[in-house]
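Both complexes shown next keep subunit A, but they swap its partner, so subunit B is in the first and subunit C is in the second.
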Partner chain A sequence: MPILLYRIDDRLIHGQVVIGWGRPLGIEFIVLVDSEVSASEWEQELYRMAVPQAVEVVFADVEQARTSLTDWQADPRRGMLLTGTVDSMAAIRGNGGPTIPKINLGGVHHRPGRRQRLPYVYLTDEEYRALIALKEDGIEITAQDVPTTRAVALSELA
Partner chain B sequence: MPLAYGRASHGKPIGGGVVSGRGKAFARLFAVQAAWNYERMLGIGMGYAAEPLLAGLEATDSERHAEAAGRSAEFFNCHPYLAGLALGASVAAEYAGESEDRIRRLKTALCGTLGALGDHLFWAGLLPAMMGLALIVAVVWSPWWGVGLFLVGYNGCRVAVAWWGLRTGLDTGMRVGQAIASSWVPRVRRWVGLAAGFLVGVAIPLAGRFLLGGLGRSQILIGVGVAVLGLALAYRFRATFGGVRYGLLAVALVLLWFGVLP
Partner chain C sequence: MNSPIRGVVVGHGRVAEALVDAAEGISGVTDALIPVSNDGCDRDRLEDRIAEAINGLPSVVFVDLPSGSCLLAALHRFRGQSDVKVVTGVNLAMLLDFLFHRELPLHDVAEHVVGKGCGAIRVT
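On to the complex of A and B.
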């Protein structure tokens, strides 16, 4: 079973991820890609608490994600990969990196320099251009916070 | 400028300035969603609730106080009933002189964790459980007792959890994760969903019996039809069937029953 959801969400693991997507997709493991969290035990402890015991959480930095993604994609369990930023997701794909079929923009919130594209998606022009580059690389990109809302195409976020 | 308060992350108690604002902060936590917006979500409400707690910092370090007040109103989102844990922990971290980066990372981690825990505990647990229990009491004893039990029981739990959260956050600061892990939260989380399923499962046939006012042949058929429809809807919309929507569906069915059926 491949990884079913590749999501960019700056809140990382939270209710929309665990209940909104995790339950209907039957997610059995979550890969959280964040260099600082992967090196911080107290943060890992907090994120693990958000997830039911039956769901495994794997913490990785971008380099580990690049080298291990094909293994996770071959895992017989249903998985989800989360990054907190557009840059991290783009870095996993990188030049000649592992294949990512589809990216879900789930929550990129306000920071100075970012412009509102959707109520739950704020992007700088650089982040938007990075997403366009990923799309041109053959990756389908949509914004959708929970499964019951409409998937918004990247072209609508210009 | 060196800070003189000690570090909460190393187990030192928080200064008395924090304690003096607990009551006001607790009251303000009930308005934490009042200024909800997509840009900061709970941020403004958290800043408002943090203000009385941070007042003690102003006297000792006005520069730090100004920075802390600004940070407290930045983007934040979690389950509103558990916001006190994040509020208390981040304020305690400010008093402890934690770095700006560590406080922001603490809040980011709590964002997701408290959101997911709150959804499990309340929306998918306590709310449907109390609705089921109230329905059983309403049918077996008295409708008013059922309504009263729901209002007192649910809101009593909500208030108690808010107070526990604020106190625990203030007392533990950066160690709030360990405090949550060793508290009642993981234990209750394991059984509250099961309890909700059990209570709703008992309540529905009892309520059906009550509404039917007896079990004639046609009424049994109607009851079975409604149950099958309910199951089909619950399965079809399982991704979004939270406690509130489940309750609204029950209300709609009751209205349909009395308004349309002879």
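On to the complex of A and C.
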């Protein structure tokens, strides 16, 4: 079973991820790609507390994700991969990295320099161009905070 | 005399606002609780909102869930700070108890409200 959801969400593991997506997809493991969290035991424990005991959480930085993604994709369990930024997701794929079929923009919130594209998606022009490059690389990209809302095509976020 | 302890209620959507509004309506105390919503912000922004609400005062930070973005934001910025206690699973009974025990030492008021909040959960 491949990884079913590749999501960019700056809140990483939270209710929308665990309940909104995790339950209907039957997620059995979550890969959280974040260099800060991967280096912090106490933050990892907090994120583990947010998921059911039966769901494994794997912590990795971008380099570890580039190395291990094909193994995770070959895992027989149903998985989800999370990054907190567009840059991290792009770095996993970039320069001959492993294949990513689809990307879900789930929550990229306001920061200086970002412009609102949806109520839950704010992007700088650079981030938008990075997503366009990923799309041209063959990756399907949509924005969708929870499964019950409409998936919004990247072209609608221009 | 020390400043009375501040209560900062952090929750998803409008949970915090509604709890604070109800607690103030019941108690008549309107200067002790500050609601903070996680709407529209990443963890850094939520941390900033919590810090603005605390404003350097000794505070109990009440969080709605015992995990998730609100708790992470509170602990990431204020974990280990002696003048901030974080309490999860906030409910109305807990907030009302807090409003009338703000003169206790910070650790004691945190323990007191947890006892009251847990005691309010029962099957009848």
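Quick note on the criterion: the second predicted complex is superposed on the first by the 158 of 158 C-alpha atoms of A that agree within 3 Å, B and C clash if a C-alpha of one lies under 4 Å from a C-alpha of the other, contacts with A are read in each partner's own complex, and residues count from 1 in each chain.
The rule is short, and it goes like this: contacts are C-beta pairs under 8 Å (C-beta built on N, C-alpha and C of every residue); 3 or more make two chains touch, one makes a residue touch a chain.
Quantities reported herein were computed from a predicted structural model and do not represent experimental measurements.
Three-chain overlay on subunit A, with subunit B and subunit C in a clash. With both structures placed on the common chain, the touch criterion links A:15 to subunit B and to subunit C.
Shared-chain residue A:139: touches no atom of subunit B or subunit C.
When the shared chain is aligned, subunit B and subunit C each come close enough to touch A:110. In the superposition on chain A, A:131 makes contact with neither subunit B nor subunit C.
Looking at the superposition, the partner that touches the larger set of subunit A residues, subunit B or subunit C, turns out to be B. With both structures placed on the common chain, the touch criterion links A:23 to subunit B but leaves subunit C unconnected.
Of the two partner chains, neither subunit B nor subunit C is touched by A:5. Legend: residue contacts after superposition of the two complexes on their common chain; A:45 is shown touching subunit B, with no touch to subunit C. Once the two complexes are overlaid on the shared chain, A:147 sits against subunit B while remaining clear of subunit C.
Taken together, the two structures place residues 10-11, 13-15, 42-43, 46-47, 49-50, 109-111, 119-120 of subunit A in contact with subunit B in one case and with subunit C in the other.
The touching residues of subunit A, counted against subunit B in their complex, run 10-20, 23-24, 36-37, 40, 42-43, 45-47, 49-52, 109-111, 116, 119-120, 122, 146-148. Subunit B contributes residues 38-41, 75, 77-79, 105, 108-113, 115-120, 124, 174-175, 177-178, 180-181, 186, 238-240 to its touches with subunit A in the complex.
On the side of subunit A, the complex with subunit C involves touching residues 10-11, 13-15, 42-43, 46-47, 49-50, 84, 107-111, 119-120. Subunit C makes touch with subunit A in their complex at residues 12, 40-45, 65-69, 71-72, 75-76, 79.
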